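There are two complexes below, and they share subunit A, which is joined by subunit B in the first and by subunit C in the second.
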Partner chain A sequence: MPNKQSKTKLFILILLPIITILTGCEFKDIDKNVFVSMIGIDKSDDEDKPYKITLKLYVPTSSFKQSPKPEYAYITQNGETLTEAIRLMESYSDKELEFGHSKLIVIGEDLLAEKANEIMDFLLRRPDIQMISWVAVGRPSAEEVVKMVPQGENAAYPALFNYFDDIGTESQFIVTTYLFDLRRRLKEDGIDPVLPIIEVKKKESHFKVNKSMVLVDKKEPYELSSLYTQTFNILSMNAPIADLIIKEEGEYFNARVDSMESKYRVNVKDNNKIELEVDVSLIGYISESKNPLKTQDLAYYSKLMEKEAKEKFTEFFEEMIHIGYDPIGFGLDYKSRTLHNRRMSSEEWEEAYKNAGINMTINAELKSTGSIK
Partner chain B sequence: MSRYYYYLIFINMVANIIASVPSILYESHKEGSVSSMILGLVAGTIIVTIYTRFFNAFPGMTLPDLLEKTTAKWFYKPFVLFLAFMWFFAGLITLATYTFLLIRYVTPEMPVIQISLSIILSVIFGCLMRTERVLYTIELILLVTLPLILFIFYKTYSGNSLEWDFVKEAALYVNQLPDLNSFSASFFLFLGVVNLFMFNRFFTKKQSFNWKHVTIIAIISTLNMFTTYFIPIGYNGFENIDELVYPWISTSDSIRMEYFMIERVLFVFLLFYLGIAFVSIMIHWHVSIEFLKFVFNLEKLKIKGFKLGKFIPIPFFIGASLFTIVKLNEYQLLRLSSIFYNSLIFFFPSMILLFFFIKRSMKNAKQAKQN
Partner chain C sequence: MLLSETINWVNEQFKNTNELVHKNLEYENKHILLFYLKSLINSEMLQQLIIKPFFEMSSEEQFKIYLQALPQFQEVTSKEQIPLEMMNGNILVKIHNELYLLDFRLANNDKVNQTSVETTIHGSQLALSDNLMTNINVIRSNYHQASLTVEYLVKGEVNQHKVAIIYDKDKVKSDVLDTIRKRLQNVDKQLITSTTQLNNFINDKRFSLFPQMIMTERPDRIVYNLGGGKVILLVDGNPQSMATPVVFFDFMTTIEDNYHTLFISLFLKILRYAGLLLSLLLPALYVGVTSFTPEVFRTELALTVAGSRVGVPFSSFIEVLFMLFFMELLLEASIRLPKAVSATATTVGGLILGTAVTEASLASNIMVIIVSAVAISTFVIPVNEMAFSIRVVRLLLILITSIFGLAGLILSFFALIMHLVNLDSFGEPYLKLYTLAKDKKSSEGKS
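Presenting the complex of A and B:
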């Protein structure tokens, strides 16, 4: 029998050759990868190759001091399918294209109306594209959005990400839509996706993200103006803060809403008539006023705000009902409350939605007039 | 009950979130998955109770021991061999699923054989250990991975993106008649308890098992089943949930941790599930190897004092699993698991008859001894 010492020796002898097997990982080395930061998908002029993909690539630098300014490389390629375009692109780059770190997908306005489903298929089928990447509409084209580097951009973190990631700007005009959210809203009946529109201001060298677009399968996309985008954000509780301008009965002030809550419900009445019940509560303070204010009148100002908000929100809903688009998700609410075998068919629902009544309750509360009266 | 007993049940439940169970449930999401799950919950709790009570009556005895004492050799040898195959297959399903996941999401460039071999080898080392050491390993791995997995579950529940309306819509399909495939898939979640066939060796003291323990198990399994089925629906919508090949992977990819080192939860999730999958395969294959040892008396096989016996099944394990993984595609794997689960809902309840027989013979033997 071998004693303990020789056993240990034997063990080390066996272990040593095994170590040589550990030559490295099967992953490609990091300097053989090039990371894609944004994907832009456009419609090309070429009819045989309808897709045009633009990729923004991070240019690797050895240290931050070496290049304090943002540096990117761009590749653009047309293709019959999206995969073909990407395959062709791979031949332009000496490194492997790595999509796993791409955080933003910009889709050109022209393409969106026609081929939203085909693009979605590509984006979802590839396992390396994040489901938490943001999706936006590029105007005039995705290529221009992707290729622009605005003033004051930090190195290695594209400014455009700050618009959506809830850490940078928290504007009430910016809708944030993740890829998984787009997918579920696009595929389900009863709720329609809303995508932000990124506009390029070439001269001033910055972006403008304050409009959005409602997408409905097989229908024209509907563009929400800035005001409607804001209303949508308030109603879907997307925005953390919002400003409302109140111009009623001689008063003219600006209310800053810092806490909001909204509830929806569909009430079904006889013979497929429905009523949309919306319950919004807004709490905030006054941030600007043309006239001097009295603190004892806060309740009165709140009433004015309620009236103003009701007008604004009702207008938004009437427009949505009129065109038959449902970004808030009343259809889903109806489905979540009614047994599937007692539901109206989707045609009946669309009809009912178009003739729906609105019952809105707004509960506004202004807590303060700010630092001055 | 000892905490190790709960580990056995718990691992099987949690491990199946990434395996085929959710996919099978979603196949009939409009035809009675919800009612089959409720039915599965009831049936599962009953079978857990019966099995635990039976093995609790014979502390420290494994099923082969009991069979040896009460039944004839022509019966128990083939029967235990059959069980060994079954357990091997159960581990194989998890292994194949996980290999496919890794190649799809983590290392697309790596050859399949290399991925599966690296899992198999570490599992083999694990399952050759003694039974109590296997249990200690389970505890260690659970200690590391479970808090993070629970944290991810917490993230999924607390996220703004979870749309409860989809969940409600899905739950309203409860009024459909149950479906066989879904029932057997949800029943399978409970079958961690059958590992007591071998692991009962560890529980040498008679333990108290009453309605309190049953309630704990029922509550945990309800929560687990709810999470398994409804959370992906809340994140991915209801109507087209069946088009997702890996519902839970897509779901974990839909969660964002903006202040964490890794923003994309998918990789954290996959990494920790690698731990859970490893433990799950290890349990199944440990039981399988122990059965084989019993059938072929492998313990007694020695060459120059070196215990060769327990190493004999290993080449067969590696060969058979590599062969299956290379041959299978995702759809076949799903169907195969479904067939396997379906067969279990007939097999394990009918085992109860055998238990009655064993119990009676043991009692008779005891009385005979006393007289």
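Presenting the complex of A and C:
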């Protein structure tokens, strides 16, 4: 009759050999790792090895007070596949390459059009690449973006991260796209991913991030100008604050929108006709004006703003409809609210989208003229 | 039994000591015999209450009645009782063919101490004394209930110490009391010198990491525990008491919590639990994160840690164990050292060793910060016994984490919680949040 004590002994006896079989993660001291800060993926000149990977590596220091200048090391390697390139790179470094801290993936403009899906596969399969990394397009090439250290950069936190992390700059021209989101939008019909474009200003030694690129599978990427990028940011509620210039009926002023809300809906009509319903509400104040403004006329200024915004937004939508790209996700909205057996085929949808009408309502509200009397 | 036979037997018992005084008083028609151990007797009282009246009283009969009226008077019930009581400071009086015992104990240890272990800002600064009777006096004068019951036992085969079980008869759970009584009966030890020994003696388990009773020296805590239905154990000659059954959360409360306003005591409690978790998990977390999953850190921190480890010859877990070892040595040393030296020792050990170790790059800067943070947060745990347990558990966690990484840390923390859930203190679940259940019960009793 086994009593409690002998049961415990038996349990321990069985447990011990099992524990020795178990393996945990690999024990590796932190100073034997080298942390990758950014990954740049380009198209190489070599036909056989089409990928060119550039890694930016942190050089660890014990005290940032003693060495406030950023220090990085770079490795570049061509490879037939991305994995091959990385494996070759590991032989260049005395320490283990650790991708866990890489926050940004820059994809060269040339490569993007052709191999977006292939790159995605590698980035998603490798476990230590974080799904919350930002993805951006590098212009002229990813390598140049990765290798540039702008003036005034802090040690251990590359300036480029500040563009995307919502802690540093909060510009209305910057689109932030995460890896998981990029993947989702690429695979999903009815919504297309938008990637920010990072341009290198070599002479002034800084970056410029105010354009973006709409990516569609098997189609040429479409570049959004700064104005369109801003419009996209307002409509997708990405930007926390936006400025609108209003030039109507002799008034010329700047509205700073600090609260915006937009809703979209696809209304299906007969014969596969659709209408895009967009409902935007903008609340803000006037930040700059050429002419003196009166507080009692705020309602009138709001009307002007509505008119101006409507023009701008309609132009953006018309352009998108014209080329048949859908960064806002009307197709997804349609699919989500229609039963699958009543749904149009994707060809029909594309046709319908190209001929869609736009029904835009804008509700603008200016709270103040911005001056204190 | 014959009186002379008994006296001879008592004399026989004390034949190896030369302290037994045998006094024969005879005056006019009165005659008494006194036996006592000189060193245990308050001779002033003896002079005042026995010898002087003896010569003043007119008859032996009157003196006998006088003796019986004395508050120190005690009837003799058995032969065996006599030597025991004499060793406790009683005088054996033979008068009129009868034997009486009179308690003239001389107690030099009945002064109440200052609190030294559980110091507080608010509340009484006085603790218990070394004298059992004084202690019971202190408790009784703080807890005015007729239901307060004191039971005495004599434990320790050699030194025959008095053990008191104190409880409030209305509030105590009878099965808990029975268990304690039964286990105390079974204690079969040569020497009992401290109350805290009982923690081991009346605990059924051979290996126990967590204390099953809570040690306290504060009368207000004793009263608080009595009011909560706990049983208090006291041993003569000891300024500490043990309260049982306990739950884990008892060890995380100070009596001062009741003296502060709500938000302040809430804040202090949060602080304390944060300290507990920190002292338990921080070193293991360091090992797990630096050596297995550096992604968890912020980038800057990861780089700083990596940079500060440059040149350190040991792996992270050896580094942690190495520094913790010195910290534990320092803690131990500062307990044992005389008060005058201990401040110097801490300074030398803490400050100089800490700086020198990083200078010599035997450990990273971050490690020194972690070890000191752990040391400080260990002191936040209010009851000393729990702090000792946590120190041991911490080492186990480090050990498991250095083999299995962060997953191991989480699992071993689960295992710790499972162990605590499995534990019980005299039939009461160890991890019970008892306040709610108690309230319910007391309201039931009222209705």
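Everything below uses one rule, namely that the second predicted complex is superposed on the first by the 344 of 373 C-alpha atoms of A that agree within 3 Å, B and C clash if a C-alpha of one lies under 4 Å from a C-alpha of the other, contacts with A are read in each partner's own complex, and residues count from 1 in each chain.
The rule is simple: a residue touches a chain if its C-beta (ideal position, glycine included) is under 8 Å from a C-beta of that chain, and two chains touch if they have at least 3 such contacts.
For clarity, every value in this text was computed on a predicted model and none was experimentally measured.
Asks: Looking at A:Tyr157, would you say it contacts subunit B, subunit C, both, or neither? Reply first, second, both or neither.
Replies: second
Asks: So in the superposed three-chain picture, is A:Asp166 touching just subunit B, just subunit C, both, or none of them (first/second/both/neither)?
Replies: After superposing on A, A:Asp166 lies in contact with subunit B but is clear of subunit C.
Asks: Given the touch rule stated above, what does A:Ala299 touch, subunit B (first), subunit C (second), both, or neither?
Replies: In the superposition, A:Ala299 contacts neither subunit B nor subunit C.
Asks: Just checking: does A:Gln130 make contact with subunit B only, subunit C only, both, or neither of them? Give me first, second, both or neither.
Replies: Both subunit B and subunit C are touched by A:Gln130.
Asks: With the two structures laid over each other on chain A, which partner does A:Ile18 touch: subunit B (first), subunit C (second), both, or neither?
Replies: A:Ile18 sits against neither subunit B nor subunit C.
Asks: Go through the superposed model and pick first if A:Leu339 touches only subunit B, second if only subunit C, both, or neither.
Replies: Touch partner of A:Leu339: subunit B, not subunit C.
Asks: Pick one for A:Ile372: touches subunit B only (first), subunit C only (second), both, or neither.
Replies: neither
Asks: So, A:Gly329: does it touch subunit B (first), subunit C (second), both, or neither?
Replies: After superposition on chain A, A:Gly329 lies in contact with subunit B alone.
Asks: For subunit A, which residues belong to both interfaces, subunit B and subunit C?
Replies: 26-28, 100, 128, 130
Asks: Under the touch definition given earlier, write down the residues of subunit A that touch subunit B in their complex.
Replies: Against subunit B, subunit A makes touches at 1, 26-28, 100, 127-128, 130-132, 165-167, 178, 180-181, 183-185, 187-189, 329, 332-333, 335-341.
Asks: Spell out the part of subunit B that touches subunit A in their complex, as residue ranges.
Replies: Of all residues in subunit B, those touching subunit A are 30, 104-105, 107-110, 114, 161, 163-169, 172-173, 175, 235-240, 250, 253-256, 258, 263-264, 266, 305.
Asks: Could you please specify the touching residues of subunit A with respect to subunit C in the complex?
Replies: 22, 24-31, 33, 35, 37, 58, 60-64, 98, 100-101, 103, 128, 130, 156-157
Asks: Mind pulling up the subunit C residues that touch subunit A in the complex?
Replies: Its residues touching subunit A are 290-295, 299-300, 302-310, 312, 315-316, 364-365, 402-408.
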